[in-house]
Amino acid sequence: MSDFNLDWQREARTGVAEAVLCEPKTPAQIAAILDAAVARGARLLLTRLAPAQHDALPGALREQLDFDPLSRTAILGALPPGKPIDGALIVAAGTADLVPAREAARTLAFHGRAAPLIADVGVAGLWRLTEQLGRLREARVLIVAAGMEGALFSVVAGLVAAPVVAVPTSTGYGSSFGGLTALLAMLNSCASNVSVVNIDNGFGAGRVASAINRA
Amino acid sequence: MSDFNLDWQREARTGVAEAVLCEPKTPAQIAAILDAAVARGARLLLTRLAPAQHDALPGALREQLDFDPLSRTAILGALPPGKPIDGALIVAAGTADLVPAREAARTLAFHGRAAPLIADVGVAGLWRLTEQLGRLREARVLIVAAGMEGALFSVVAGLVAAPVVAVPTSTGYGSSFGGLTALLAMLNSCASNVSVVNIDNGFGAGRVASAINRA
Amino acid sequence: MSDFNLDWQREARTGVAEAVLCEPKTPAQIAAILDAAVARGARLLLTRLAPAQHDALPGALREQLDFDPLSRTAILGALPPGKPIDGALIVAAGTADLVPAREAARTLAFHGRAAPLIADVGVAGLWRLTEQLGRLREARVLIVAAGMEGALFSVVAGLVAAPVVAVPTSTGYGSSFGGLTALLAMLNSCASNVSVVNIDNGFGAGRVASAINRA
Amino acid sequence: MSDFNLDWQREARTGVAEAVLCEPKTPAQIAAILDAAVARGARLLLTRLAPAQHDALPGALREQLDFDPLSRTAILGALPPGKPIDGALIVAAGTADLVPAREAARTLAFHGRAAPLIADVGVAGLWRLTEQLGRLREARVLIVAAGMEGALFSVVAGLVAAPVVAVPTSTGYGSSFGGLTALLAMLNSCASNVSVVNIDNGFGAGRVASAINRA
Amino acid sequence: MSDFNLDWQREARTGVAEAVLCEPKTPAQIAAILDAAVARGARLLLTRLAPAQHDALPGALREQLDFDPLSRTAILGALPPGKPIDGALIVAAGTADLVPAREAARTLAFHGRAAPLIADVGVAGLWRLTEQLGRLREARVLIVAAGMEGALFSVVAGLVAAPVVAVPTSTGYGSSFGGLTALLAMLNSCASNVSVVNIDNGFGAGRVASAINRA
Amino acid sequence: MSDFNLDWQREARTGVAEAVLCEPKTPAQIAAILDAAVARGARLLLTRLAPAQHDALPGALREQLDFDPLSRTAILGALPPGKPIDGALIVAAGTADLVPAREAARTLAFHGRAAPLIADVGVAGLWRLTEQLGRLREARVLIVAAGMEGALFSVVAGLVAAPVVAVPTSTGYGSSFGGLTALLAMLNSCASNVSVVNIDNGFGAGRVASAINRA
Amino acid sequence: MSDFNLDWQREARTGVAEAVLCEPKTPAQIAAILDAAVARGARLLLTRLAPAQHDALPGALREQLDFDPLSRTAILGALPPGKPIDGALIVAAGTADLVPAREAARTLAFHGRAAPLIADVGVAGLWRLTEQLGRLREARVLIVAAGMEGALFSVVAGLVAAPVVAVPTSTGYGSSFGGLTALLAMLNSCASNVSVVNIDNGFGAGRVASAINRA
Amino acid sequence: MSDFNLDWQREARTGVAEAVLCEPKTPAQIAAILDAAVARGARLLLTRLAPAQHDALPGALREQLDFDPLSRTAILGALPPGKPIDGALIVAAGTADLVPAREAARTLAFHGRAAPLIADVGVAGLWRLTEQLGRLREARVLIVAAGMEGALFSVVAGLVAAPVVAVPTSTGYGSSFGGLTALLAMLNSCASNVSVVNIDNGFGAGRVASAINRA
């Protein structure tokens, strides 16, 4: 019996191609999944693919992957024809929040959507954010990635009417508890146009934003 | 100095009228806010307004409110002209999850959107859900309210391509920890088109769904 | 043996008179402490004195108390000669945060310091806060009380150079966990001029602000 | 005095041979236990035996072990004569849940029971599960291993009348909290024919299923 | 639309009649469910039905219920013909653990199974338990209810080869955390024939034991 | 079958008479236990007996009880002949910690040991404690009850060489989490002659101190 | 100024020599402390001294240490003249609990007390414990080390009248949460002659047992 | 677009130069920030800069940094002209608490303030602290760093009238939970002149103390 059982008809049926969470898999399991996708000519998004996992894949497979080590994502197969302006915007509170922010951007790209990314606009220097007010208000859906106390979610969401998808990140130390504090902060936002995904889950945020754009 | 400072220009500026969380306020504070709204001719949505708080308001104010005791919401002012078919759908896992589900429905109504509600479709009897597959797939945005183990979120989200806004509810006992288990389950859904709001926060889910519809 | 053993020499020795946390005490225990203070001519600040506890005190003692039911504080003895402008400012995020905010104000008054209070300036409507920027920047020490996601702490602290004493409040529901979320948010603030006291501890914030003013 | 004190009479007395949790033991301690078992001709099941621990055992002992690196189990001694069809079925939600699923299968084999394993049937693609409905309903006891939000437990248990033993797994990240979320989800299942063992405890699930089969 | 959607065909299809968790429902909702069951001639088990909820039901419905206030259960409809000796045994650690223990016994009775109950055999006086060793070893499945430190689970399970279904109870105070300590203790039992249900979930334990008996 | 099964031979066998935790029991259950004890002429210590539970007992039983409402303890039967000076000393940090402190004193009295109690010696006014240094150093075993941050445990234990039994109390609010903070503080004391019992468990502390005195 | 400030007069003043927790210290800091002790001719107990830390000490210091790698303790200076029979007994539930059990034994030895150690007597095979009943009942103070569900504490304490010092250990996985489950179990023991020290704190248990023996 | 967006005008505007948290950044990101600062002639404080991160910086940048490996801080640019006596005092409970204590001292130095540091004055040997009473009482603001049970905060704060900034540290093991216990202890201090920063956040404590000195 096989170790995996992918939903190869998903893209035809729903328009959303498969993605594979690589972190808990062995290189052999990942390679087997890639072989099956190549055999079918299917597209795949690989997430949480550590550089060491990537390096352990057979060279012939590696060559077919578009690997981004910062976001730990790899894309198999061509991107859909571009839709450069679709109204999504990604905001990262600090430099360390770029990892999930870029995972979200890569996920949107895999689904044929382009989204600009604004970095390092934490609330301790509010002018950095208000400088960008025009761009924030033009977006039709925003992804905001922040760690530590997660105040950026409420501040951004209070400035716009569009839906905000919050990605709490594991940035921080001590009582940040690996992103739990940012997660709780977002769930309790005094702004009401915010919903939340798992800690560091840029992939999920990209999917939700893509689904919102389709809706 | 006043105890409150509402954002009366919000509806003109953003199209989203003000809402007031009543739970932590005294009847006198709520009445003062209502008086100010009436004086300005402003619309207001009151949430988490306990029947006892409602009964303690001056009669003249009570008469101007459309109060729904089950969802503990009250609406001041006329509803916007209806948009009966806007593609939102609300799903409640069990009878006890109807409270936040109806809070979401009332919030959508306050914003001029109508949303049907499907009740008692918990996953232990999966046929109850699959019977509704057509309606689930037609929706452009879904709100799903569930407590206990929150399995309904993943099952519904796996059946549709639209964005799903999950409302974990405090239904349950023992290790449900007042909704924490359902909340954690949603954050870790193996379906990726789901985002989450606070426990029992039907209001937030309605706002997010409304913002998605606008987007 | 007596149930209590107050530090009657504290004011003479340190300039800071005694305060008594009433919540876990019986009215008889509170009355005995008040009798001892009256006998010595000592000043006292009573905190967390519920109206029912206050009403159960002997009338002769009640008459000597300046009781404020909103903040649940009572003061025995004359206030020190006023120092109306000492540079402390109290900010409350929402109406429900006024209870600890007023407890802080009363504590400062007991120590002979006056502090104005700005209410309902939550970050979801940022203009309410930035309107007050002048007053915020003039203050030499600020007390900020906020519940829910506690974003106000970081935003205020980012706008000023003075020390900010944060009071997380138990305002909220669901995953606010009785103020824990706001507390964690403050501890992880990206602004670095903030320190924190216990949930709802307006008294402690008042004491710290008073000690800072003395320093 | 010896470091260990195994229950060598257990199999004769109860029909259930001894098992040894190796994770917290040194190779020297494990080897001493194996030597004692070999001396008595006793069978043993070793669980959580890391490959590095296995490799550090004396070669003469290693040769007598049937070691399975994926499930980290080793069996000393012959398996009981087979009972190939005993009605147990093992279901694993995803590829990463195979580790405890196989630990359960190995434990059943050690007790002379064979159990087929269905892999990668997570609820996000429900058709993968409903395709197997016939096999699910034929089983007399099911072991289900799932991580993340653990929705598979409720869905499987709702489809069958047999007892389901749930194994929450540590698959996931962020707020999966090392399997805690899946564990809580199972404890709060809206299906009532489910009971739970510790996170990643495939061994315990195998033992419980074996005891149910004997009952 | 109806608030509820029971699985009336369940008993015909699976042999297991419906049960209704009453705690989060209003008396009107419970009465509507009972009316529908009476109209169909269906049997029902009501659990967590508080005496006040029971008293608020219409008299005509109350007369048809067999209500047990200690376990807060009510049964509508006749019990199946008895199977007095089916090998289930219920053990309660202390007097306070009798509530979930009796809920389990009532659930078994609703499913046509009789189970004796041994009470007050906590491990601090081990002789009380070892006196009952014969009865413990004869049982084909055991339900053990215990709170506080939950040591009884491991001790009983170590004495028998049959499967043990553990019910952690909310008995205790301080760091028992409403049954969490007993729950965690059971999950970590050094005996391996134990599986666990939710805190105070005697109903679930009864269902699992009944399913084991059918298996 | 009876609801209870007391260890009536315990005093004869071990010298320690039975105690009964009343909190989770009904008055009828408590009365049945008392009747059985009276019938045997056995001594009993009742703990966590709320005044309302006490008042609901039959008058004839109440008359035989020595009830102390502050510590919620009742003693049935004569006290052993006194051993007034046995070297135990009880220290309570604040007025609110007197409840478990007196429960400990009553437990020691039930076992024939007298222990003086020093109250209101919290570390914020260290001179109150150091004044008592002589008495602290004479004690052969100390019980210290404190809530909030529990600093008194470490300070007292650092001043003496005798064993200290710490009782964390539920005094406090906010992040005291019902005594959890004090409990954790004690477990991490930098003094090494301290061991801990459950939150508010003055009874357990009395038992341990009595066992130490016997040792 | 020096990094450390040991209490060199402690042994003369209280009879208890100094101990040093090495885990968070650099080898240079440990060496400096040892040099100071050697210069004064003082005895020292080093705890949580990892083999790598020990190996990094200067050879001249290492030669003066009696290092035990299993318990990670080292003793500087001669042991006090022996008191071989002092009534302390150490019990370890499983092989993995030997580390803190031996830390306790070494601590007692440093204080001139000898204590035998009984290993591998977990409650799943109760006969292993009851075989030792005579030795258990002769002890004047017992140290019990156990992880996982910690049932051994209650069982041992229920069998003896002497004080039991419980050491929860970090043995276990999944929901054992690094010893937290065992710790909570002990705090909630239904036996009342038990008190608890920190997780894996065999040193503290040895100190408390030594203090009890002195008392 | 750049990964970072520093507030270069901060020092001119507020008198407080920028600081950069290095832990979650790559050496390339840190180098880019340093290059930008050097280009502007700006001063910078780098915190949580691991030695490995420091070693990976280009040599030309490393030469311009004043790096302190113990506190993991580096300073770029000249220190402000000294204010050697400004009334701040830093107290560290144990040797292991020196890391955040020195981070606080370095932060104060970066802001032109000198603060002496008293080490190893834990409360288990209270005389070490009371010896320093004069210095403690002269300070105008105190920083206290302690781990484990954090009793030092309350004891120091009870001895002085000045504001105390508490830094809970991650020193400890088992139920110290990485500093959480010390953090909770401080938040619940019975002394009221204490406020708290995040675990191990010596930088924040230095900033708060500096802001208090400016106030």
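When the chains are written out, they are named A, B, C, D, E, F, G and H in that same order, and each has its own residue count from 1.
Assume a contact is a pair of C-beta atoms (placed from the backbone, for glycine too) under 8 Å apart; a residue touches a chain by one contact, two chains touch by 3 or more.
All values reported here derive from a predicted model rather than from experimental measurement.
**Student:** Note down the smallest number of touching-chain steps it takes to go from chain F to chain H.
**Tutor:** Counted as steps through touching chains, the separation is 1.
**Student:** Which chain's mean C-alpha position is the greatest distance from chain C's?
**Tutor:** Most remote chain from chain C, centroid-wise, comes out as D.
**Student:** Farthest chain from chain B, comparing Cα centres?
**Tutor:** Chain G.
**Student:** From the C-alpha centre of chain F to that of chain G, how far is it in Å?
**Tutor:** 27
**Student:** Take the average of all CA coordinates in chain C, do the same for chain E, and state the distance between these two points in whole angstrom.
**Tutor:** So the centroids are 49 Å from each other.
**Student:** Could you please state the distance in Å, as a whole number, between where the Cα atoms of chain B are centred and where those of chain C are centred?
**Tutor:** 35
**Student:** What residues in chain E touch two or more of the other chains?
**Tutor:** 94, 124-125, 174-176, 180, 183, 187-188, 192, 198-199
**Student:** Per the touch rule above, enumerate the chain pairs that touch, sorted by label.
**Tutor:** Result of the pairwise touch check is A-B, A-C, A-D, A-H, B-C, B-D, B-E, C-F, C-H, D-E, D-G, E-F, E-G, F-G, F-H, G-H.
**Student:** Once bound in the complex, which stretches of chain G touch chain F?
**Tutor:** Spelled out, the residues of chain G in touch with chain F are 14-16, 19, 87, 140-141, 161-163, 165, 183, 187-188, 192-199, 203-205, 207-208, 211-215.
**Student:** Would you tell me which residues of chain H are touching chain A in their complex?
**Tutor:** Contact set of chain H toward chain A: 1-7, 10, 23-25, 29, 48, 168, 170, 178-180, 183, 198-201.
**Student:** Where on chain H is chain G touching in the complex?
**Tutor:** Listed in rising order, the residues are 95-96, 98, 117-121, 124-125, 128, 171, 173-176.
**Student:** Touching chain D in the complex: which residues of chain B?
**Tutor:** 93-94, 122-126, 148-151, 153-155, 157-159, 172, 174-177, 180-182, 184-192
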